[in-house]
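Chain IDs A, B and C follow the sequence of writing; residue 1 opens each chain.
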C-alpha cells in the first residue's frame, strides 16, 4: 500500500494531519473530526502493521483527536445530563490554531528550501593567498595552551556524537497489547475505576495507550464507561457475551 | 569616472573569494566614500548582469562576494571536486524556519509549533552553525534560546534577516499549500 | 558563437581557484573540442584585456588561471595590510585545536568535524603561520594536509606537541560541561 512511502516523510503528527486535510480538501476551519480521526487512526494502524515505531507524539495526537471527537458528540448523548461548562467553545479551536501555525512553519520551510536550492547553484572560490603582498605575518601575542584545549572541548560539545548513534527509544506499547491487559484486569474485577487500569508509575505513553485501548474496547462493545457526574472518576465496566447492558 | 575603479574592485573581490568584503572594508582599501563604494559595487553588479558574464556580484550577510552565476551550475558540477551540498532534512528545515522567524526561541517553543520532539534537528542545525545559542530564557531551568547565524544568511543567500520572505497571514497560507506538496524522500530527523 | 560560452568558461576558471585548469580539462567540462576551447580561452583573455577588467587570464605550465591584473597590486597590498586582528576568532581557534590534535589533516576532514566551511579560518591560520601544508593526502584531488608550525609552539608556549594536554575521552566531555560554560558570541566563519 501507498502508506509505506508516505509515512516516513511525515515530520510529525501535525504534518500527517495537514496531509489528511489537504488530501480530502477539507476546510481547516471546519474539520470533520470523525473523518479525520478515522483516517489518522488508519495511518497509525498501517504504521503498526509495517512494524514502524510510532513516535509517542503521534499517539498523543490520536488521544487529542479522540478527545475532541467525544466532546463534539457529548451534547447529543441523552444519558449525559448536562453539557460541559465551556461547551460554547468549539473543541477543535485549539487544534485549528496549532494547525494554522504549523502550516505557516511549513510555508516558511518550503521557502527556505527553495533559497537553499538556489544558493547551491552558485560557487565561490577560496580567498587568494595574500602573503606575497605582505612582508611578514604579524606575530600573535603569546597565548595559554588552555585557550586551545577549551576551544577543542567547546567544539566537541557542539559536535553531535554522530559515530555513536545508538538510538534510545521508549517502549512502545501497542494499543492491542493494552486492550489485552485491560480485558485481563476486567475479567478479574468486572468493573473498576479508569485509573486503576493504569500500570503503577505509568509513563505518558502508557496512559495514552490505555486510554486508546479503552476507547477501542468501547467501540467493540466489550466494555462501557460510566461517569456519575461531570469530572467524576470514570468507571469501566466489562460487558461479556451474556450480559449485554 | 566610476568605470575606472571597477577594475580594482573586481580584483579585490576576486582576492577575497568566499570571505567577501564589506562596503566599509572596500571603501577603506579603495580610498573612496562608503556611498560611492556602494554605487561602484552596484555598477559592477550591473556590468556582470549585462554582458553574458560567468560571475555575479552578490551581497550576503553584509559582505560583497563574487560568485558564479546559477545558470552555469551544470558546468561546475562536472568539475570532479565540487562539493555536493548536503541538503537539510524536512525536520531540520522546519525547525530552522521557526527559529528564523521567531528568534530568540527555546526548544520547548519550537516543539510546541511542530508538535514533535526536535532535539535531533536542533543538534544538526547547531552543528552546521545555522543556529546558535543566543541567550537563556528567564524561566525555570533557564532554557537555551536559539537564533540564526551569519552562516545561515550565507547558506540561504540572504543579506539580512529582513530579506526573509514575509510570512503570510494565518488564513492565507492554505492557498499556498500546493507548493510544499512535492515531498522529497528526505529522511526524517 | 564563441561568446556564448565565455560565461561558463569564466565561471569554471573562477571556481577552480589557484590550481587552474588545463585546456583538456576545460574542453571536457565544456564538451568542446580542445582547439575550440583554446580559442575560447584566448577570446576571454582578449575580453579582459580590452575592457578595464580587474582580472586577467594567464596560461602557466599548461594550466589556465584567472589572476588579478598586476596594475592592481597596490590595492591588494592595502587589503593584505588592513584588518589585522590581534586575537584569533573562535572559528580559527577551533580549527587550530583540530589541527593540533589530529594532524596531519585535510580541509575536508576539518570541515567534517566542525560541520561548517572552514576555508576562511584555515587561510587566517596559514597566513599567521600557525599551520602549514605538511603534505598531500593520497586521495582524489590530492588534498593538502595541514599541521602545526614552530610559530604555533612558540605562541602557545609549548616545547613540543607532546606538551599538549591529553584530551579527555569523548564520554567525559559532557561531564565537564559546566567548566566551559562561558560562551562567547560565535563569529561568522
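One rule holds in what follows: a contact is a pair of C-beta atoms (placed from the backbone, for glycine too) under 8 Å apart; a residue touches a chain by one contact, two chains touch by 3 or more.
Everything numeric here is computed off the predicted structure, so don't read it as measured data.
J.: State the pair with the higher C-beta contact count; candidates are A-C and A-B.
T.: More C-beta contacts join the chains of A-B.
J.: Grab the C-alpha centre of each chain and report whichever is closest to the global C-alpha centre.
T.: Smallest offset from the overall C-alpha mean is found for B.
J.: In whole angstrom, what separates the CA-based centres of subunit B and subunit C?
T.: 21
J.: On a C-alpha centroid basis, what's the spacing between subunit A and subunit C, in Å?
T.: Each chain reduced to its C-alpha mean, subunit A and subunit C end up 45 Å apart.
J.: Determine the centre-to-centre distance between subunit A and subunit B, using the mean Cα coordinates as centres, and give it in whole Å.
T.: 31
J.: Residues of subunit C that touch two or more other chains: which are they?
T.: Residues 11, 14-17, 68, 76, 79, 114-115, 119-120, 123, 183 of subunit C touch two or more partner chains.
J.: In subunit A, what residues contact two or more other chains?
T.: Subunit A, residues with two or more chain partners: 123-128, 130, 158-159.
J.: Which residues of subunit C touch subunit A once you look at their complex with the stated criterion?
T.: Interface residues on the subunit C side: 11, 14-18, 68, 73, 76-77, 79-81, 84, 86, 88, 90, 93-94, 96-98, 100-101, 113-115, 119-120, 123, 126-130, 151, 154-158, 163-165, 167-168, 170, 173-174, 176-177, 180, 183.
J.: Can you list the subunit A residues touching subunit B in their complex?
T.: Its residues touching subunit B are 5-6, 8-14, 18, 22, 28, 55, 57, 61, 98, 100-113, 115-116, 118-128, 130, 158-160.
J.: Quick check on the complex: what are the subunit C residues that touch subunit B?
T.: Residue list for subunit C touching subunit B: 3-4, 6-17, 21, 28-30, 52-55, 66, 68-69, 71-72, 75-76, 78-79, 82-83, 114-117, 119-120, 123, 140-141, 183, 185-189.
J.: Okay, in this complex, where on subunit A does subunit C touch?
T.: Of all residues in subunit A, those touching subunit C are 123-131, 133-134, 137-159, 161, 164.
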